[in-house]
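Okay, got some structures for you below.
Consider the two complexes below, in which subunit A is the common component and subunit B and subunit C are the respective partners.
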Partner chain A sequence: MDVDNKTVEVTLENVVTKKLGPVFWICAVWIAITVAAAILAPWIGLPSPTVVDYNNFSMNGPMSAAHWFGTNDGGQDIFARVVYGARISLEVSFGSMLLASLIGGTAAIFAAYKGGILDTISNAVMTLILAFPAALAVIAILSFWMPTTPFKLILIVGISGIPLIFRVVRGATLAAARKEYVLAAHVQGAKTPRIIFKEIIPAVWPTAVAFFILGVASVIMLEGALAFLGLSVQSPAFSWGTLLNEARQKIYPPNQNFNMLVWPCLDMVLFIVSLNFIGDRLRSYFDVTEGKL
Partner chain B sequence: MLKALRLRAIGIRLSVMAVILGFVSFGTFIVARLVPGDPAVAVLGVGATPETIRKYRHEFGLDKNLLVQFWDWLTHILRGDFGTSIVHQGVTVGSIIKTAVPVDFELIVLSQILAVAFAIPMALKASRRPNRLFDRLSNVSSFVIWSIPSYVIIIFLLELVSVQWNIGHTGPGSYLGLSFSSWQQTSQNLMSMLIPVVTLAIGSFVSYFRVLRSELIGTLQEDFVTMARSKGMTTRRVMWRHALRPSSVAFVMTAGINIGSLVAGGFVVQFMMQMPGLGYNLVNSITEQDYPVLQGIAFVVAVSIVLVTFLADAIARLLDPRISNGRR
Partner chain C sequence: MNTPLLVVSDLHTTFETPRGLLPAVRGVSFSVAENQTVGIVGESGSGKTVLARTIMGLQPIRGVKLSGSVLLNGSEIVNRPHDELRHLWGSQVAMIFQDPMTSLNPVRKVGDQIAESLQVGIGLKRKEARARALELLVQVGIPSPEDRFHAYPSHLSGGMRQRVVIASALSCNPKLVLADEPTTGLDVTIQAQILDLLDKMKAERKMSTILVTHDLGVVATRTDHIYVMYAGRIVESLPTADLHSHHRHPYTAALLNSTPRIENKSHTRLTAIAGSPPNLLKPLTGCAFAARCSYASDVCRTQTPELRSDGGSSEFACFNPVGVTV
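Let's turn to the complex of A and B:
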């Protein structure tokens, strides 16, 4: 019987691997490159994404040394547009998740640590809000608050993300607060702020970071969906989502231009895959399951 | 005793559902009213005189107290009257919902069948030898597919099917209502369903596959599987009859989540394919500031999500009585 149990454990460990693995680091490097390129875009010698290159003009041009991903229907460089388009997508996704984490995370830590009626009420409210499809609320508010700017997107999407972050961080805080070392700190006479900053937050942040990364990926996807409804940033500003929405019109002959479709898609999907992979790995690495919330 | 307990559990669940429903319908009502913009101005135009605007607001009850309006709306809905559109003259919300629901129903049924038809055999094959080539490949590819937004899938499908292969009735706006009166109409309906169904199925496939695979890997470690094998049963019979059955609870739960999220979550696909389902009409009513339509559809969506969740939960309880006894 002992032998049997051991073999079972070994196979299960093989399935649920506890290492981060090389793919994790490949994804991390890819995210770093994309983010760095987006931030440094004006200074790395890219052609302008908006100004048309009249010396070397080509509409729907092919891939070449001058235009790596070809040119779009307006003669603009697609590679530059993909790199620059990432700026608004990243700004909105990181910004809104930061907002959600700051408000939702702080509220959750205090509510869960203090407990009592405040915790019960805030948890009930957040659960009720989660029953409401957040994407539709975002669409409704954006459509009445045109024209969309990155700031409005960050604000609305960020607020809509608060309940989810709240629930996740609350679960992690509750688990952490039950630990012996928190009790020990309390017995030693540590004040609440000290316990929260020295004991609770170090235990909670890995979970929060994992969900932060998964949240960034889902906001990038949401921004694309909003662009298809015409609710993302307005021209001349552009993001990955609006680039795809432009490309959607270009799959029908005679004005086909696959470079406009394939490259933004590839960049965006690879970025989302990397984020999801890292977030998922971190989540299982720090062993957080939905069931424990 | 046990039966009474179970009835009580069902009663508690039902009242929780009622509270959620009440909250969601009140929430949509408030969100729809608090956002800036006056529907009277939107419909009558900026040049309308204050007199006509006042008459319009009175006609649609927009000048009453918000709580009174909510109460009127709720009592009318309970009598089956969803009101009329304030943008399209004389179109009742009920008629919009009546034409929209079959579209969603067909989309969901077909896409779930397709997703399950691929997910079960693949999960069985992957879990037979965990961490071997097929398992790793299918696991990685399902992960990548999970990260591809539906609108990217749909563009590439459109390019492939309706542009490259030039198959008719598959592009946006080609939707034709389901009818069995002639073979041509039925096949045209199915063709127009092809791209959205495949897109939605790809999304659902990933969740079915991942849940079933991890459940099956756990089940295959159980003693009764070893027992069945050692009795000399064929692998096929062990997999389908003994290993798959304990996964049915997780499967039903996943189906509930998938179907619930597709009721409203399919709006991007419906919008891009111009299919007049609930999601498409919901987005339209939002952009047109058509409050009665928005509220009516949001209510129907909320009711269906709550019902589907409740149903999935009830079926799971029937399949595995341990859930209601609190042992699982």
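Let's turn to the complex of A and C:
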């Protein structure tokens, strides 16, 4: 009767297992490829995204074996720029959501579990911040704090996301803390930290992860919108958003170049769609409270 | 008989609500001896759950006024902070909650939940705790316990979940178990199994049990002594053997009357108790049951009856007790 023996499996799970489905895996692979390519960009033999290839120079060149997505108006390789551009987009979106989740999520769990005046005050503060349009605040702060760097974006967007994640996690925590199993753990002698880590966080986790992933997707779009206003990272740095902003000026003749527009846009859209799909599937997959039978 | 395990004396639990003070428990005294099973019976709102939670020391500090005394094995429970009670919980007194659907964490494996109460309660190492948890699953009669150890609560039926809840509550060998309506959410056949299980565990472990229920059928066969609660007070206290033949309080009589009987013809209407329990936010004069009592006289509406002995081991609080037989 060795309990730790992992060969002992729940028979019910063997009979009926929740499937994530092929679309989930396509999305997951796409996200993995995009993220891996962005991280490993300098080491996977890409042409330089900034240095112009004078041996093979072509301005607004067509798609070719040397330049898969063609070249832009400065003769730079668009494929390399799309891959490199993901770096800042991903950095900013994951960074700001991590910041927001760490501060907002921790505060929410603590406030909602402890209750009382702490909860009332922090909830009031968050409601106050929510009452102010976050996008406007981000734009206003960025326009007075030039030049924009990824760090500033993470900081400002992250802070503006705190009240949202606070709200979501607080609601989930309140629902979990009221459950009888929390009281049951309490009367079996569990102290507050154990209750929070073993009872509350596992219950809040799926909601928080789903919100995190959807949040990453919306920050990528927010970065695109900021770039459209010229408020994202400044040249020579570039992100998906700034690539699109550059391309916007090239959709009319005489120097028309659709490659500059289509490829970054496609990559960004597919990435966001994949994130949203995965976020949704993971939420229902990890929701073991949903019966499997 | 040596000193009782639990002595409750003149216990009052009063909630401070926005609409005024609500005395949910109004001067309850009783005791539970070692190895004794006691039933607390009453309808919804009679204060029996509040009483059970007060005995556990679970009432919040704010918004609740407590007076009186609950002595568990010599330790006072009333008005002590949760930090000081923690060493009593689990090893001295444990609670089985009403709803097995909500008293298990849905996102954690049942074996881990039992093991955790062992780790927290008596400080076992993780591996020992898991082995003991598996033993407990065997003891509470869960089929193929090795498999169920890794199951989530949603994989189990209501009866199985309640067995897990019992295993978890009994894990640290408590001397006293408070079962708050342990079978309310279950089918009748499963109810009997769960109550049999509780009886068996009680016999094996020599523990005392307080069975809180609204179901006279549950207490009538499973307890040694019954306390009938009404509007926050004990109105009758009697040995279980005397329940049917020697009850004296009209409320007990009315409760018994409203229970279906096998000897009745089919389609016999059940005798319900007219009216509803009194609103405890308003001060009560006289007997709380007077408004619904068919034996009520003038004295019942002006004076509050105290518990008095019938000469034997029973006590009742009534000016116009019903006869020896119904």
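List of remarks:
Keep this in mind: the second predicted complex is superposed on the first by the 260 of 293 C-alpha atoms of A that agree within 3 Å, B and C clash if a C-alpha of one lies under 4 Å from a C-alpha of the other, contacts with A are read in each partner's own complex, and residues count from 1 in each chain.
By our rule, a contact is a pair of C-beta atoms (placed from the backbone, for glycine too) under 8 Å apart; a residue touches a chain by one contact, two chains touch by 3 or more.
Note that the coordinates shown come from a computational prediction; the quantities given were computed from them, not determined experimentally.
For subunit A, the partner that touches more of its residues is B, with subunit B and subunit C as the two candidates. In the superposition on chain A, A:Ile33 contacts neither subunit B nor subunit C.
With both structures placed on the common chain, the touch criterion links A:Leu20 to neither subunit B nor subunit C. Contacts of A:Ile44 after superposition on the shared chain: neither subunit B nor subunit C is touched. In the overlay built on the shared chain, the residue A:Ala203 is in contact with subunit C alone; subunit B does not reach it. Legend: residue contacts after superposition of the two complexes on their common chain; A:Pro253 is shown touching subunit B, with no touch to subunit C.
Look at A:Leu102: by the touch rule set out above, it reaches neither subunit B nor subunit C. By the touch criterion stated above, A:Met59 is placed in contact with neither subunit B nor subunit C.
Judged by the document's definition of touching, subunit A residues 8, 11-12 lie at the interface with subunit B and also at the interface with subunit C. Those residues of subunit C that touch subunit A in the complex are listed here as 56, 58, 82, 86-87, 89-90, 94-95, 97-99, 102-108, 111, 113, 116-117, 120-121, 127, 130-131, 133-134, 144, 146-152, 154-155, 165, 168-169, 171-172.
Chain contact summary for the complex, subunit B toward subunit A: residues 20, 23-24, 27, 31-32, 35-37, 130-131, 143-144, 146-149, 151-152, 155-156, 158-159, 163, 217, 221, 264-265, 267-268, 271-272, 282-283, 286-287, 289, 294, 298, 301.
Across the complex, subunit A meets subunit B through its residues 8, 11-12, 14-15, 128, 131-133, 135-137, 139-141, 143-145, 217, 221, 224-225, 228-229, 244, 247-248, 251-253, 256, 258, 261, 265, 268-269, 272-273, 275-277, 280.
Those residues of subunit A that touch subunit C in the shared complex are 1, 3-4, 8-13, 179-181, 183-191, 194, 198-199, 202-203, 205, 288-292.
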